[in-house]
């Protein structure tokens, strides 16, 4: 059933945009940021306020979401995260969970705890048929946006000066500093982009996943699955992993609804036992 | 809340200082609700409704002051149990009330029995709850009440083939079973029974499956919070345009979020006990007052459960003359009848469950906003599952 | 003298890199056998193969004629192969006394006892004392290993291997990185190891090698170049060309 | 080098000094005992703290002593809880203590089976594998609702009086005394285990698995063993909760429960056994206090405290605690035996 495949890919792509920032902070900066979902939520609410309260067109709401989350990301990075980079993973867990709790309660206070939705323009609603395959317009939008983003990310990381600076900073911050690279700025920019992407994903995802203050907690597990299964050494790993996850989840629920969420967790465990560093890890050293 | 507790404490101290100027202690109500976590909106609605009621009716009944102690159980039943126990043992509350989900209500039931403290269930909707303790009374609803009515309506309105889609937990099973039993008895056919995990983020696969079965209608029950996501995907998949009617108990079109769901919900037919547009003067006042309290937010059916719950407590106290003996209170509640924002309701003297009108409603646009507009009423519906057991 | 440890046509490849190439090495009982070779010759790889940290791509390893190729590292230790590491591998949070206690209890078979307190077995304590004294660790025996001076850590490294009562002891550059002043303490300790313990030594320090070894094997690019008595090796023109020349440059 | 010759009894005492009871430990347990008589009105929350303390202790055994990080310890907590619940609802074993032991043993068996899944991989891999196991068990419990009651929870658990004498009263007095006693006994056992040769070898494995195997220790064997024991502990904790609350529910398997217990342990500190209990005490009391002040937004303040702990620096808090620990607990042996 191609419609199912299509739905699954769209769902997976969405997961990728939501989670790829986490892959970057975890894989490149070795920081366990469980608060990643909070940035996604920020983007979702930013778009909600822009579109529903101020009547900004939906497609303009998406970059607003990106900017809002990126801005929040850079502020928090400079003020708080920067103190925690060098601490142990357990400290990072404590810190980022703490942030999630604060974010959840704060959003609950400001926005209320009911689910919210963004008014999607009519031209993005509904499905059209191509050779008998039902294509959801909104899902098509997701696939297009996410596909472009992935290509852009891959390009930036591999072929631009920023990419090589980032890789240098990650390999050895001291040497990179010696080469005149402003490591702090590189990290901050990376963090901001990662948060911004999460925000964009959050805004895109409202239509499919819903949005309420508990979003960061509800989806934390999914982000972590994408990142661990995909491995953190490249962008491709999480990309393939989230697409697989999306397709498997959607197809699993369609064909064997009895299995419920079993399939995902079992697949994850099997993959991790088989390839502890993730499906697409280069080498095995860690 | 904190302020209120503080004021209460100050008042209590002042009273103590006055040296028994007030003959009696306040009546304490332990209100245990999910105020954080995925069910938080349930908790907030009920809390707001209780506050509203007390604003409107004063905080003194039969010469005794009412004091509410609000606790957050975060939808974790063992928390509920401990909080209920602490409220009963330490705070010496005279009522425990609230209970966002069925397991929470069940967890507290043995305590109600042992301590002879009335337990007022304001939200949870599984049928068995009231059977678990003779001290439980319910002011919300049972899922079967709505499901049976919608089954009757569907059978009478030319719907032959139905796919059911429910969340995979006890209330879902209740809704599905009562619907199926009544609907097939009336000659209808349930062609597929779908269940979605409670924590499912994406409805698209099950909706696709439902669409592929080409039924006349899709019967759906998901917890109030998920209704919106569901609705979005329902319309995205074009099920509304494919002529598949959406029917179900009213949870999916909860007033709390209905207006955000989009125009594709128009035409959805549900059976439920409360709509914010219920055409009565009392309800108009209630909605207006609630909106004023909650920054323009509409009351959902959970709010009404809370509003009637506190009303039941007030009236029972009036009847006992302020006495807080558990047996007397429960006896006073049995058979009590009153006019609620939802319409006339009463407490079944046999089961202590609620008897209420169930309305069949259709989602329509009223004054630019989406509402459940009632167009048929079935009066005084008892819980069909308990009725069938007799 | 009987052969204690032997390898037969041992191969180890990492992808395209050949780290051990058809190595057939024989170590006699009680020998003081040195393994030398330029950096990257595969000496540490060979030790890792002998102790089971790495699995060979091909070939067998025998201890007293018994095939141990498939055994896990800890199983080989029980059969009598112990090693030291070129870079200290110690238990940073344990004291030397506890560190040695762990190894001794394990060997004596009480390492899994969970019902008695550590230190309650006389045999373990007595042997710990013996090792503490033999390896000059008495003054630091209750300090956390992490804060010991480097020389003491190096001694503990050897003591820990020796605590396994090995029949074959593999020493991977025991004096590496030790300052000149503390060096003799380690060399003396190594020289004083009991004669019935067979020692296979990897070392860069030629003075140490020639004063200590009675047999030397030369490893180049993962393969055995030659083997013989120290005098013969010292005279061998191939060794001088391939190894000594490079070593002097380095 | 050493001026004075070493003699066996002195050195033996030195090795055992780590296991000596410190004054503060005795004070700690006397204080715990005193709470039974002094604060009867707080027994309900104290019961929960004792249970959570035991649960956190189980996590400390693997995280603090073997370096295995788990975000799925609730798998065992929930399994133990349902074991105890089913033993009681089906009247299989009615004596609470015996049922508790059986539930613990069954959970340990589950721990043994699943331990092989966490032997390999990085911290992150282990976090996800343990988490996955917990989620799968939760799903199983949901699926077999005929047995477990599904999402309604396991109701109708009636626990017979303890030893046939002490009824579980509504005030939670029996429950607290019982939970505290179980915590104490299992704490003693854990204390013995970590100070045994086995415990020492665990610390060696945690410190340097490569070297541990090079002195003949089967690293995997040790990990399996401690993981199994810790699972048993978590199972007993879960069973205690079922017995004292008289029901079991699905969220006993939940991710939040695993995460909470990890937070408690990190707050209290790992690797000295008291961390979990102290962390549970601090976390739970703080949560209870904040939640009674502001039932809707207490999470914000908890979060603020967590962030503050990290930003101020756990080292600084650690120093403070270290000072206390050194002075009173003296878990590190003195330089020289007396």
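In this document, chain identifiers A, B, C and D correspond to the written order of the chains, with residue numbering beginning at 1 in each.
One rule holds in what follows: a contact is a pair of C-beta atoms (placed from the backbone, for glycine too) under 8 Å apart; a residue touches a chain by one contact, two chains touch by 3 or more.
Since the model is a prediction, treat every value here as computed from it, not as a measurement.
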Grouping of chains that still touch (sans subunit B): one piece
Central chain (by mean CA position): D
Longest centre-to-centre distance from subunit A, chain (CA-based): C
Whole-Å gap between the CA centroids of subunit A and subunit D: 34
For subunit A paired with subunit C, centre-to-centre distance based on mean C-alpha positions, whole Å: 49
CA centroid of subunit B to CA centroid of subunit C, Å: 74
Euclidean distance of C-alpha centroids - subunit A vs subunit B, Å: 36
Shared interface positions of subunit C, touching two or more other chains: none
Residues within subunit A bordering two or more other chains: 104-105, 108, 260-261
Per-residue overlap in subunit D, given as positions that touch at least 2 other chains: 139, 256, 296, 298-299
Touching chain combinations (by label order): A-B, A-D, B-D, C-D
List of subunit B residues in touch with subunit A within their complex: 36-38, 40-41, 44, 168, 194-197, 199-202, 204-206, 208-209, 225-226, 228-229, 232-233, 235-238, 241, 256-257, 260-262, 264, 297
Partner subunit A, residues of subunit D touching it in the complex: 69, 117, 120-125, 127-129, 131-133, 135-136, 139, 143, 255-256, 259, 262-263, 266-267, 270, 296-300, 302-311, 314
In the complex, subunit B residues that touch subunit D: 1-2, 5, 33, 35-36, 40, 43-44, 70-72, 75-78, 81-82, 85-86, 88-90, 102-103, 106-107, 110-111, 114-115, 126, 128, 132, 168-170, 197-198
In the complex with subunit B, residue positions of subunit D that touch it: 41, 44-45, 47-48, 139, 142, 150-153, 155, 170-172, 241, 245-247, 249-252, 254, 256, 291-296, 298-299
Residue ranges of subunit C touching subunit D (in the complex, touch as defined): 51, 53, 72-74, 77-78, 82-83, 85, 89-95, 97-99, 101-103, 105-107, 110-122, 124-126, 128-129, 132-133, 136, 138-139, 141-143, 160-161, 163-164
